[in-house]
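The structures considered in this document are given below.
The same chain A turns up in both complexes below, where it pairs with chain B and then with chain C.
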Partner chain A sequence: MENTTIKYDFKEYVKSQFEKLQSTLNGSVGSELNLLRKNAFDKFFLSGLPTLKSENWKYTNLAFLNKLSFTDSYSNVDLSKLETSKLFYNSLKSHKIYLINGKLDENLSSNFNSVNGLKIEYFENISINGVGDYANYYGKLTSMSEHPFANINTALADNLLVVNISPGVIIEDILQIININISNEGALLTNPRILVISGKSSSAKIVENNYTLGDFPVVRNLVKEFYLEENAHLNYYKIQDDSNNSHLFDFTHAEQKRDSHLDEAAISINGKFVRNDLRSTLDGENIESHYYGIFIVGANDFVDNHTFVDHAKPNSYSNENYRGVAFDKGTGVFNGKIMVRRDAQKTNAYQSNKNVLLSDSATINTKPELEIYADDVKCSHGATSGSIDKTSMFYLRQRGIEKKVAERLLLFAFVNEVVNEIKIEQLRELIDLRIEEKLLNI
Partner chain B sequence: MALLSIENLKANINGTEILHGLNLTVNAGEVHAIMGPNGSGKSTLASVLAGKEDYEVTEGKVEFDGKDLLDMSPEDRAREGLFLAFQYPVEIPGVSNANFIKTSVNEIRKYRGIEPLDAMDFLQLMREKAKLVEIEQSFLSRSVNEGFSGGEKKRNEIFQMAMLEPKLAILDETDSGLDIDALRIVSGGVNKLRNPNNAFVVITHYQRLLNYIVPDFVHVLVDGKIVKTGGKELALKLEEQGYDWVKDHIDEL
Partner chain C sequence: MAEEVKDNDQLLIEELANQEYKYGFVTDIEQEYAPKGLNEDIIRFISAKKNEPEFMLNWRLKAYKFWLNMKDPLWAKVNFPQIDYQDSYYYAAPKKQGNKQTLEDVDPEILKTYEKLGIPLTEQKRLQGIAVDAVMDSVSVATTFKDKLSEMGIIFCPISEAVHSHPDLVEKYLGSVVPMTDNYYAALNSAVFSDGSFVYIPKGVRCPMELSTYFRINAQSTGQFERTLIIADEGSYVSYLEGCTAPMRDENQLHAAVVELVAHKNAEIKYSTVQNWYPGDKDGKGGIYNFVTKRGICEGDNSKISWTQVETGSSITWKYPSCVLKGDNSVGEFYSVAMTNNLQQADTGTKMIHLGKNTRSRIVSKGISAGKSDNSYRGLVNITKNADNARNFSQCDSLLLGDKCGAHTFPYLEIKNKSATVEHEATTSKISEDIIFYLNQRGIATEDAIALIVNGYAKEVLNQLPMEFAVEAQKLLAISLEGSVG
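Right, the complex of A and B next:
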């Protein structure tokens, strides 16, 4: 017999997890970090899950969260069957950091002592042990406390991964953060937490991958904080190419100081549900930031990108380029906001979102927003959604190319213009392979 | 048997009839020129033959190499050996010329049950044909027609034709926008590809081209119909007298 009643209430589940954690604290209940945690929980609990009525969630149906029956056991994970060589992006030449259900796995991870100027630090049971010197960074970006899922993460995350690139250090090797979620008994909620500090005049490239293994649905509620000090260079590429029962909330906030350079990309190739929130604060002059995004969404899948680029100081540059393809019953959302504050004269801020819809049942909702309070700025934004260009299709078919093959060729070219912006050749090749594979489903 | 036979072809676009019952027969080994005023339906004819979906054929019959052409998808028409050099070749950012033409060659080979060309053979063939129309190697790695000059686009069309070796090539104003050198190169390419088994339909406004590509027949298309047919001297006459003269000397009604 089919049971269609709601079995669990997500909000109550978060509460039970929070209370469980609090009960283990004893003396550290009043610590600064635990206050942050409590505030975050209270904020979430007060307003609960956002509904379609709230502006930032009006296309994002979260009903599935109330239908999943979550398990409590994070630790009952059998890693013996984990064959890391089968993880698609593992062939990427890189130093690897494995987070299994949010916890660092030292056995699988590379040894980082050999990489000069790179500190990989990991804090466990942070509610008791704190986060050491990183207390000045952890959860300090105010946007965090305004976001329901960032609040859930702050309330529940008990481990912290820190990637700290020392001032003046240029790291040539690629760093790969591999988020693995495994559940062997029921749905799982995990709250991985990552802090990246790019020291003054440092440079690094980080690739993040997400894998959900096992037969049960996982909700990965990931929060990342990036701090780019003066003249720091950071390339952060998040690859969201997960299994069909994966659900991902990604909240990323980058704060940049003067002369720094950020390249950030969200490459969403597969997964049941993805919600990305990207906040970027350009808090200095002469900053350059690029935000790239691709989403290819089919079946009944959903990918939602909300970005907020905040120009707080003069003379900086930002460029955002997102491309989406939706087919079958896939749904995509792009909501990009650029804010240019009064002080941010001579800002150059650009945004483009182009989408292709392949079926009547596919949808993409796109909304660019500009909010400009300075008078001497160059800003542009544009969003288009349409079908594949008919003239190009006819041209290709006139050369004997099958309709489907022609469509794939054009779509591949369309998204590849963004893939080409990724500065790691081997990663581009791997992404291209997966995109080609994905496009076989259209 | 004719390679192409068009009988009483009528075609609409958005409910407006453009071709009003057109007849044309092309045999293997022949070159036909089609001339006619702007808007008379020359490109429409080419598009209908190539299978552009915006057009609706309401009457008539077209046989190509013994098969019902109008029944086939655009790609199958191409695979059967019909090639259209477009009046306005489209730019396709992100798809390299080489990848495009390789996909095209191999899709056609697949249809004909031939093994795909391997990378080496393909490169070899591409070099050879690029030389024929005097295009630079660097063209091949650039995106299809993107940023090409008008003349370069036209040369690229002829390059593709050379790669695909069609049975019937329709060249829609391939000479427009070409300088004298390019005109010589393009027509040289066409002439080298001419053989007793293929045929060309050359749409043009200028008699000049026909000095290079010498036609067996010249047709005049006015208001969606072929109204006059003659030898190559008809083109000279048209150049001197203009289309008003034709309207007074219509072959058939």
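Right, the complex of A and C next:
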């Protein structure tokens, strides 16, 4: 028999999933939420999967999606065999929320009743049951953008996790969201959906981890919406350190009100494919926003960070700092855009993207963009790509340090400057351990 | 106090907006047109008019067929209504031409036009040693210093003439850097181009004077499609200048030119442009659509191509002078000042394609936006897999004068070689009130202070221009800048 790769049609698979969901609805077909879903599906289906010709996907090859045969039946997961203590970042002292294949697992998750001012809410079968009081938030930000994967998520997501931090509450403990995908029966597409609401003058720190367990590839299409009310503080750290058969689409859109402060980090250490879309609307004055990212990409892996910072009002500050290391046949992409609208006078917006390329088979594509319509602003971006500094190397070699060790030392220091911005010491230590391990492959 | 300054500024901006475009006059001469519209017959007409050899006609027709199947590029950050390509003349020429052996044969009206533009064609009156090829609408009307140059083996003539006198060179190099299929406007140009300059510098010759082409659109409802081809053979050097103006009209006229540069081993080409097409009035009515494809190839080792441009005119600019660094150790440079005012739109930048080893490129782009204009830098630095030790440095600064304009930066960096060092920097800011206050305090009027600051800002680029051009460019900037502070 001829041995050819079978071609599947991802778009048709999404369609079949959508139709399957719709057929279970009965009475609620016309509900507002369902209209949102239908709308999102139509938008996706009309334009289909983006190709390399599309400006936002110029460097992102999605052909792998049509090579995966997805299975629908992933319900029979035996959780008793799951040893959560073996999950690397689980030693972090935190309150834990487990999402298994997109669904909340209450047995594994911590009991949040003890945490004052924190509401963890979970909605199942939202196409039938709705999202309660969160209808005004759900999908408001995602529907603003024509993002194909956000649209897929809106069309297919059937569960919703809400993290609601009450006004005036400062939560000292760390909250950890753990996404686990178990793919024992075939390739898996999951659409987890998270909503974070930071009430007025509240403060919280959230860490997100992703794990793929099982032998089949997983495509995790994660969508998050953050609402930061006046003077809210939110630190959200996503650690993308997953298995070699994991594919991640992460779409995060934050809306910030005046005086609020957001710290967002994307730490991409391992995984076959990562595409991060970070958008943020600075809808008020005196906002501070920091975005950090590192990636270490080797093998045949791919990491893509797209950011879009939208300064809509005056007197705000944003700063992006992304660093990447590409080795072997790895590809790293950075596309950062700063938009300063006409009214956003006195904006300060900075962006920096530095990369190290370690092999001629590796690729770095970077595109830092500025789109500025206000005159009284200070905006800058810088992007560099190079190899390991020869003088630093010489200095270390002179002191009898082996070449490989010296290289690792310098690379570690290079990415560590960004890791150091993470405000949780224990998390920094865990990340450092993993980075050191990853750098052994270089 | 700040309020007061602002009021003053407002007045100055208005004054600027009302400023007349200096070169907006029309020369009243008899013109010969091809029928309106674009089809194969028109292309045959142009080719026949130029008495072209067979290969040229075939080449044009092939380009036309490609063009028919292409779509306008829509990715640039500019807005304009769909162009009706049938509503324009593709050939217009001053009627009285005679044979252009001596200047006495040139229509005195045309000589007067160039005199008015500050480009004297009568050689004895000239002080500067610049050889000029003057192109009006579709034809070259005069070329100066031809004989003196030919003594050294330098060929400097209208491309329509080169097709006859040096068909081998034209056939070999035409379309070798910008293929006819390159993009929509390049294909259109390949089909209908009527004239332009041709330069060939033989081996080891250093061109003793600046070569220059002055483009003038005069006729109504015409497009100008000129084509420039410059070949610098081994070890040669040439510095080439290009200037352009057009009358003030309410209609938009299309200017779709193609410039190709070829630098062989150890050769150097320096190409400078002061682009001052009619930018349209303050309501954005009229003006030239300047859709130009410029590209140079550093074919041989140690060659160098340097682009310098001062862009102040055109209602829309779509232009990316590029360098293909093929030879080892070759160098590409791009220096640009782009100034937009009123409703002008500019989307300009460069491409540096590193193919050879030890290739270096440098990009310095200074954007200045005023009024309600939009000014974008769009550039690509591509380090290919085999381009060992490639080096690039890019700096893109934008200055905003006024709160209704936009300044944008879209740099693309694509790196596939580990030994490459690529650096990109961009900033956007306005002229700080502190600096103006400092200069005011020392008795310098706000207007002069701004001119001083902007000149300093653009100096890095202006310094690259040959002296005569630098003076013109400085004046142009000053005219466009007076009082437009935010």
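Simple rule for what comes next: the second predicted complex is superposed on the first by the 432 of 442 C-alpha atoms of A that agree within 3 Å, B and C clash if a C-alpha of one lies under 4 Å from a C-alpha of the other, contacts with A are read in each partner's own complex, and residues count from 1 in each chain.
Just so it is clear, a residue touches a chain if its C-beta (ideal position, glycine included) is under 8 Å from a C-beta of that chain, and two chains touch if they have at least 3 such contacts.
In this text the structure is predicted, and so the values were computed from the model without any measurement.
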Fit-or-clash call for chain B and chain C when the two complexes are aligned on chain A: fit
First, second, both or neither for A:S316, with chain B first and chain C second: neither
First, second, both or neither for A:K403, with chain B first and chain C second: first
Partner chain in contact with A:Y395 - chain B first, chain C second, else both or neither: first
Winner by number of chain A residues touched, once chain B and chain C are compared: C
Which of chain B and chain C A:S387 touches, first, second, both or neither: second
Partner chain(s) touched by A:N191 [first = chain B, second = chain C, both, neither]: neither
Angular separation of chain B and chain C about chain A, which is computed from CA centres of the superposed model and rounded to the nearest 10 °: 70
First (chain B), second (chain C), both or neither touched by A:E55: second
Distance of closest approach, chain C and chain B, by C-alpha atoms in Å: 12
Overlap of the chain B and chain C footprints on chain A, listed as residue numbers: none
Of all residues in chain C, those that touch chain A in their complex: 75, 385, 398, 400-430, 486
Of all residues in chain A, those that touch chain C in their complex: 55, 342, 345, 355, 357-360, 362-387
Contact set on chain A toward chain B in their complex: 389-392, 394-403, 405-406, 409-410, 412-414, 416-417
Chain A-facing residues of chain B, complex: 50-54, 73-75, 77-79, 83-84, 86, 89-90, 92-95, 99-101, 103-104, 107-108, 111, 143, 160, 164
